[in-house]
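The following pair of complexes shares a single chain, chain A, combined with chain B in the former and chain C in the latter.
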Partner chain A sequence: MIDDVMIIIENLNKHFRSGDALSKVLKDINLEIRAGECIVLKGVSGSGKTTLLSIMAGLDRPSSGKVLVEGESISKLPDLHISHFRAQKIGMIFQHFNLFDHLTAAENVMIPLIPAGLSMDEVNQKVQKSLKLANISHKTQSTAGRLSGGEKQRVAIARALVSDPAIILCDEPTANLDRDNSLKFIDILGQLHDMGKTIVVATHDPLFDSLPFVSRIIPMEDGSLVSTVPNDTLAES
Partner chain B sequence: MRNSPFFHFLTLEFFKERKKHIGVIAISLVILFLLSSVLFISSSIRYSLEQTLEQEPDFVVQRTQGGERVSVPIEWTDGLLEIHGISSVTPRVYGRYFFKSKEDSFLVVGVDFMDEQSHKALRTIMDETDLKQFLKGENMLVGEGVSRYLKAHFYPKGYTFLTPKGAFKKVHLFKVLPKESNLIANDMIIVPIELAQEILGMSEEEVSDIAFNVPNDDEWENVEDKISSFHYDLRVVTKNDIKKAYENLYNYKGGIFLILFLITMVTFVLILYQRYSMVYSSERRHIGLLRALGWSINDVLKLKFFETMMVVVMAYVLGVALAYFYVFVLGAPLLREIFLGGVNLHNSITLVPILDFGILSSIFLIYAVPFVSAVLIPVWKIAVTDPKEAML
Partner chain C sequence: MNEILLNNQVIVYLLSESILFGLLFIAFVITVGILVGWDFGSYSEQQFRLERRAYLVMTILLFVFTVKFLLLAYFVFAIDSLSLLVPGAMCAAGVISANDYGMLLLFLKLVILFFLLLWMALNRYDLNAKNYPLFRIKSWLFIAIFLVIAIETGIDFAYFGHIDTLEPVNCCSTLYGQLEGANPLPFGLNTMTLLILFYLLYVVVMGAALSSQRILFVAAALLFVFIAYYSVVYFFGTYIYELPTHNCPFCMLQKEYYYVGYLVWGTLFTGTYLGLISSVMEMGLKVEQGRERSVALILLSIFVLLCTAYVAVYYLRNGVFL
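Entry: the complex of A and B
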C-alpha cells in the first residue's frame, strides 16, 4: 500500500493579483505523497502551507500546474465532482475547528454525510462510530459552542473521519490546543496512520518533528518546498 | 421525509437558529398582514359593489348646463320611450340634503312606489317593507348611518326637513334599512317621489335623472349614440361608468397601500440581500464551510431554499390568517375608515368574507418571489466562489 502514489503535485503555482502587483504564494511545487504516508509541511506563517493544503483538498484552485489524487486531476473538476471528491476522499481538520457552535457534537459530525443520500439510521451509525474513534462519544449531545478546545478538536476529527476518507488534511491542528491536548491529538493521528490513512499536516509546531509515524517533514519557505527531509535523518540530527 | 438526513438537518438548522429567523418572520408577518388586509378589504368591497350594481339600471340620462348637473325635464321620458330596444324607463329624483350644521348631508332618494320598475334597484334593501303602511303618511326609510346620526341629534322618530322654499316638512322614520345595504345606502333616505321633489326644491315636472335598461348588450353602443344626439345638454352614464367610478375610488386607496407595501418590501428585501451577501461574514463562513465539507452548490442552494421557504410559508400562513381575522371577524378597525372614509356619515358595512385563489396566490407571489430571490441570489454568489475564499 505504501508504494501506491496517492497524491501527485506537478509544477503547481498559485498567485494572487492585487491591483498591478502579483503576489506569488506557491512557486513551482512538485511533490508525490504515497498512500498511507504521513507527511508534515513545516514553515512559518505565510510560507504557503495552508494554501497548498487547500489546493490538495479542492477548496482552492491553482493558478497553474495540477494536483492528481489517485491518478485523477482535481484542479479543473466541475463543482459536482469536486464536491463529491471532498466528501468522499478528504477529511479536513481546520486550525479553528470550524464547527457549527449551535449544533451538538453528533449533529456537526453528520454534516458531510447529508448530501450522500444515506438513510438516517446509516448516518447515525457512522456518526457514533466516528465519535468513538475520536474518543469524544461521551459528548455526543453537547452543544459544540460549550466544548473545550481539545473536545472541539476531537469533534472536528470525528467529522473528518465520518466519511471514511483516504486522505486526512490537518491545517495547524495544534495551534489552538495546550500541550496535553496536542499530545492527545498526535495520539489519535498515530491511530489514523495505523488505519492506513494518508495524512498531510501543515504546522509549525515542534511536537511534530520527531514522531515515529511521520515519514517525511517538508519545510516550506516563501511558497517553495525547500527540501524533503526523511524523518529518521531529522530525528538523528 | 422523516428518515431523510437532509430534512433532519434542515429542521435542526431552522429551530436551533430560530433567533436569526424570528426577526425576519416578525417583519414578514407585519408586511403580509398589511398586504392581505388591504387586498381582503378591497376585494370584499369590490364584491359588494358588484352585487349592489347588479340591481342598477343599464343607463342613466342626466342633464348638464355649464358643466354642472341640473334637473331633467320629465317630458324627456316620452322621447326615450320611442327609441327601439329601450325598456323600464324610470324618472328618478334624488339629491343631497344638508343637515343644519351644513357639514353633514343625507342622500334623499324619491321612489315612485306605484311603478314596480322604478324601485327595482332598491328591491333588495326594501324587501320586507310594508309599502301600503309606508305610503299612508309621510314616511321615510333610512340607512343605518342616517338612523345613527338622527338618534345622536335627538331625532329618533323622524325629522323635520327645511325645503329650499322655506317650508318645514315633518317626515316620520318608518324603518331602518338592513346593514347589508350599507355600502350604498348608509347615508340614504328613501321617500315617495313627490316628497323628495318637495324636500329637494324641484317642481313636479322635474326629475334628477332618467334611468332605463337595454336588454340586448349589443345595442348598448347604438342606443348611447342615439340618445346622446337627442338633446345637446344631455349626458348618458352607463352602469359600467358607475362601476368604474366606484372602483377607481377604492382602487386609489388600495393603490396607496400597495405603494407603501412595495416601499416596505423593497427595504426589507435590501436588508435580506445585505444579510446574505458580503456584509455578513457569518453567513459566508457558514456556506463556505458546508462547501468545504463536501456540499455541492446545489446542496447549499437546496438547503437555503427550503430554509427560506419555511420562513415564507410560516409568515404567509400566520399573516393571512391574522389578516382574515382582522378584516372579516373584527371588521378591520382603522383600515376600514381609510377605505370607506370620505362619505360624510360613519359607515358600518359588513365586509363580506371573500377568499379566492387569485388573491391568495397573488399575496404569496408578491411576497415570496422577492424574498426568496433576496436570499438565494447572494447565497448562490457565495456558493460559486471557492470554499476557502468564502470561509475567510
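Entry: the complex of A and C
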C-alpha cells in the first residue's frame, strides 16, 4: 500500500436551507484517506454518507470547508474543471446503478469516454478491458434494461473503471443486490484494491464489516464522523 | 401622450430595455455586496455563499448582455419603422436626427457594445481558470458598464419621448452634405484615396494580426473602422442602393435591400471589436487569443468581401461603375 495521502477533508460542513429551517447534513468533518486505502463509511440512512461521497466526487459543493484530492482543492473548482477532475480521477458506483436501460452494456460503459475524444478503436479496447475486469464481458451487447440486478451492478463497475480512475466511490453498492451478488461485488472490490485503487464505500451492509482489504471502518452519525475504527480492531472485537 | 411612445416597436424596445436594466440593477447590488466580502483563499461559509452568488450574477449578465446585442439591432429596426411617423424621414437616418439625443444614444450603444464584448471575453477567461483570477477586474468593469447603461436607459426614454411628430427632419438625402456640394469625407480625402486607404488598412490589419504585431493591429483596426464607415456610406453604399447620390448608413438595413446593412455593420463592428479585445487581452493578460482573433479576421474579411462584391456585381451586370 502506498502511504501518500490521496484525499484530505478539512472542517467540512454542508447545510441545506428549506425556508427558515436549516438542516445540517455534515458537521465539521475531518478525514485523511491514503492512496490505495479502502475505507467504509457506515451509518444509517440520513447520517450524511451519500452527501459526503457526493462532495468527494465533486458532484456537490460544501457549505464550508475544504476537500483536497492529490493536494489540489476541488471544493471550489469551476464546473469545467470539476468535470475534468471527475472524468480523470473518479469512478462512481451507485445504489440504483444509474444505467441507461435502452443502451447496451458496452454503450453504457463507453459513456464516460465520450468527452475524452479517443478513437473508436481505443474506446472499444478500454470498454472490453473494463467489462472483463468487472466479469460481465459475456453481456456486452445486452441492453441494460434486460440485465439482472447483479449484472447491472457489474456494468456499473465497468463504467466506473473504464477511464482508469485512481479513486472509486461506492454509494450503497449492495443495497439492491442479493447476498450472492453482493459477495461477487465484494470480490471485484478486493481486486480493485489489489490494483491500487483508493476506494470509499458508503454502506450499512454488515457484509463490509470484516473484509480483509478494508483498512478502516468509519461510523457516521447525524452528519459527523463518530470515530475511526481500524478494521483489525473491529475484527478482533 | 407622445405618439412615438405608443408605437409597437418602441413599446417593445423600451420595455425590454427596462427589464434588462432591472436585471442589471439586481446584479449590480449583488456584485457590490460580493466585492466587499470577496476572499477567494477563504473556505468559510460566507465565501462559498459569495461564490454561488457570483455565479448567479455571471449567468444574469451573460444573458442580459447577449440580449443587449439583439436589442441594438432591434433599436435600429425600431427607429427605422418610425420613419413612417416622422415627417421628412425616409429611414432611420432622419429619425435618429429628430432630436439631440439620437446620435448620442447611437454612439453610446456602440461604445457599450465594445465593453460588453470585453466583459464577455474576460468572463470566458475567468471561468476557464481554476480560481477566478479576473473576478475583481470584471466586477469593476461591470459596475462601470452598469453606470453607462443607466445613462443609456435614461437617454433611451429622453430620445423617444422627445421625438416631435409634427416637426419635419432632414433625412439621408440632405443630411450628409452631398446636395450642398461640400466634401463630406474626412481629411479632405477624395473617393479614390478613401478606397486605397480602405484596402490598404485592411491588408495592414490582416498582416498585423497574422504577425502578432498587436499595437500596430490596434492602431490599424481603429483607423480601419473609421475609414470603413465613410467608405460604406459614400462609396460601397451607393452600389447597394444602385444610386450614386444615396449616401445613407441606415437605408441598407431595410427590407428593400434585404437587410444587408445588419450584415455589413455587424461584421465591421463585431470584427473590429473582437480584434481589439483579443489584442488587449493578449497584451494585458498575456493570454493567447488565437480563436478570437481568427473570428475577428473572418468577420472583417466577410465585410470587405461583401462590400467589394456589391461593386463587382454591379460592374459585371452593367459594364460601368457608378
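The rule we apply is simple: the second predicted complex is superposed on the first by the 236 of 237 C-alpha atoms of A that agree within 3 Å, B and C clash if a C-alpha of one lies under 4 Å from a C-alpha of the other, contacts with A are read in each partner's own complex, and residues count from 1 in each chain.
We adopt the following convention: a contact is a pair of C-beta atoms (placed from the backbone, for glycine too) under 8 Å apart; a residue touches a chain by one contact, two chains touch by 3 or more.
Given the structure is predicted, the values throughout are model-derived calculations rather than measurements.
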Chain A as common anchor, with chain B and chain C clashing or fitting: fit
First (chain B), second (chain C), both or neither touched by A:188: neither
Which superposed partner A:177 touches (first chain B, second chain C, both, neither): neither
Partner chain in contact with A:87 - chain B first, chain C second, else both or neither: first
Partner chain in contact with A:77 - chain B first, chain C second, else both or neither: second
Between chain B and chain C, more extensive residue contact with chain A: B
Which superposed partner A:157 touches (first chain B, second chain C, both, neither): neither
First (chain B), second (chain C), both or neither touched by A:66: second
Which superposed partner A:57 touches (first chain B, second chain C, both, neither): first
Partner chain in contact with A:11 - chain B first, chain C second, else both or neither: second
Shortest span in Å between Cα atoms of chain B and of chain C, once chain A is used as the common reference: 9
On chain A, the residue positions that both chain B and chain C contact, one per complex: 61, 80
Of chain B, residues touching chain A in the complex: 2-6, 8-9, 12, 16-17, 285-286, 289-299, 384, 386-389, 391
Chain C contact footprint on chain A (complex, rising order): 10-11, 13, 15, 61-66, 75-78, 80-81
Complex contact set, residues of chain C against chain A: 40, 43-45, 47-48, 51-52, 127-132
Of all residues in chain A, those that touch chain B in their complex: 54, 57, 59-61, 79-80, 83-84, 86-88, 90, 92, 98, 100, 102-103, 107, 110-115, 118-121, 123, 159, 163
